[in-house]
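Just so it is clear, A, B, C and D label the chains in written order, and each chain counts residues from 1 on its own.
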Amino acid sequence: MSVLTKEQLSELLHKSRYHRFLQIELTDVSDNELTFRLPFHEQFLADEAETYIHGGIIASLIDIAGDFALARMVGKPLPTIDMRIDYLRAAGKEDLYARATVVKAGRTLGISDVVVTNPEGKQIAVGRALYSTANA
Amino acid sequence: MSVLTKEQLSELLHKSRYHRFLQIELTDVSDNELTFRLPFHEQFLADEAETYIHGGIIASLIDIAGDFALARMVGKPLPTIDMRIDYLRAAGKEDLYARATVVKAGRTLGISDVVVTNPEGKQIAVGRALYSTANA
Amino acid sequence: MSVLTKEQLSELLHKSRYHRFLQIELTDVSDNELTFRLPFHEQFLADEAETYIHGGIIASLIDIAGDFALARMVGKPLPTIDMRIDYLRAAGKEDLYARATVVKAGRTLGISDVVVTNPEGKQIAVGRALYSTANA
Amino acid sequence: MSVLTKEQLSELLHKSRYHRFLQIELTDVSDNELTFRLPFHEQFLADEAETYIHGGIIASLIDIAGDFALARMVGKPLPTIDMRIDYLRAAGKEDLYARATVVKAGRTLGISDVVVTNPEGKQIAVGRALYSTANA
């Protein structure tokens, strides 16, 4: 079920300019799950008081994590078709972690679920995204 | 129905570090609609070949545009509760435009619709997001 | 852009057992929009006090209306891939109307937007759904 | 974390006309999960050939299961604010099962996840819905 190794996925992950801006890292690959770390950066801050991370950054993290969970199985990153994100709790000035699992890996469509947590393990957001596996 | 002027909204928009990274601008305010421009930047690029803009950037644009459409009516930016994004077409190395309209502005919840287009007017993505208007 | 006529769509609509249970009717076909009427029936009621229509009925109405907006263009009803529904206001013991428009009609995927209103024209719900146009 | 017993939930479940039409049953209550059974009925059929169950029926099942997972904790069924459903596989002329878990049970908002399976245990659909816990 796994086409790409952790090393190959990490290499792929850093080929994107935006991923390098985010400095997102793949930290763990287990049977069913990829784990990513998004190190805190001040440019992620949403509000004037500079207390929490912008929802667009969290959406980016979810999109990437979900994509790579499928990329691992099909061999390359995939176009996102649609995405739903539920924000559960504001993320402070802290690193974020995303765990991504594959819900479906079909011939033309794939779905991933992503849970974003903070360093204390509290859930920050959950996301579910649909990707095109058609030409992978 | 409008509490904040275009000038006030623009000022608010630039108080966020992440918004300043994006360099997003409010370009137009009409009766029902806010229009934003996201000038192209190389850090937005998604792929190794550097041909298209990352979906996380487009998600950020949608989140912000939808939020400010409601902020205009309630007086301040609001926490996003959830968001759905449908990606229709890849965005090349080009500026993006977002038009946001309010679907509902209730006492505790608000919903916005956002359409993202490229300079040729082609639709890049559509988004619908729910915000908390509870303490606004 | 229109492959099926109103008569053909109405005929198709009534070939489904569940659609016949709902007694859903296609009432209008304009350039960009299909309109459906869902006549009130007591079996749709959600609550013990029997005051409002169940969200599952409204979800069904949205799914069908969005599907037929695309069916009109591609020639047959399509499998739903995913759907988002936002409930705006409870629907009383009243007929409901759904207006469906096509957001995208691609070679493999189509998206429809649906607005559900009551007889006074108040918005009850909005929906956005993705359908497979692959083998149509 | 549990306010209502299985018996109380079952009683509540049958107070709705639409639930009685569906003949939905609560079959199991464990620590984190409610399980429902939707017995197959011919009125659920979607297509002319009468081979599969309508997506609107599956949406109804998801809405109800997610709602009752929260109802168990807060004491009564809740208004649905929004819902996303991903259809994974067509459901044949067979009973369906829904397992619902609570993602968040806040003071004003709650989120549930629901997985729908067929008697062979194959996943038919997944859903995520947001409910208002404000006046519960």
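Remarks
Here, a contact is a pair of C-beta atoms (placed from the backbone, for glycine too) under 8 Å apart; a residue touches a chain by one contact, two chains touch by 3 or more.
From a predicted model like this one, the values you see are computed outputs, not experimental measurements.
Ranking all chains by how far their C-alpha centres lie from the centre of chain C, first place goes to A. If you compare C-D with B-C, the chain pair joined by more contacting C-beta pairs is C-D. Each chain gets a centre from the mean of its Cα atoms; for chain B and chain D, those two points are 34 Å apart.
We define each chain's centre as the mean of its Cα atoms; on that basis chain C and chain D are separated by 21 Å.
If you average the Cα atoms of chain B and of chain C, the two centres end up 28 Å apart. Touching two or more other chains at once are residues 81-82, 84, 86, 130 of chain D. Residues 15-19, 21, 42-48, 50, 54-57, 59-61, 63-64, 77, 79-87, 90 of chain A are the ones that touch chain B when the two sit in their complex. On chain B, the positions that touch chain D within their shared complex are 81-82, 84, 108-109, 130, 134.
Remark: chain B residues 84, 86, 88, 103-104, 111, 123, 126, 128, 130 touch chain C in the complex.
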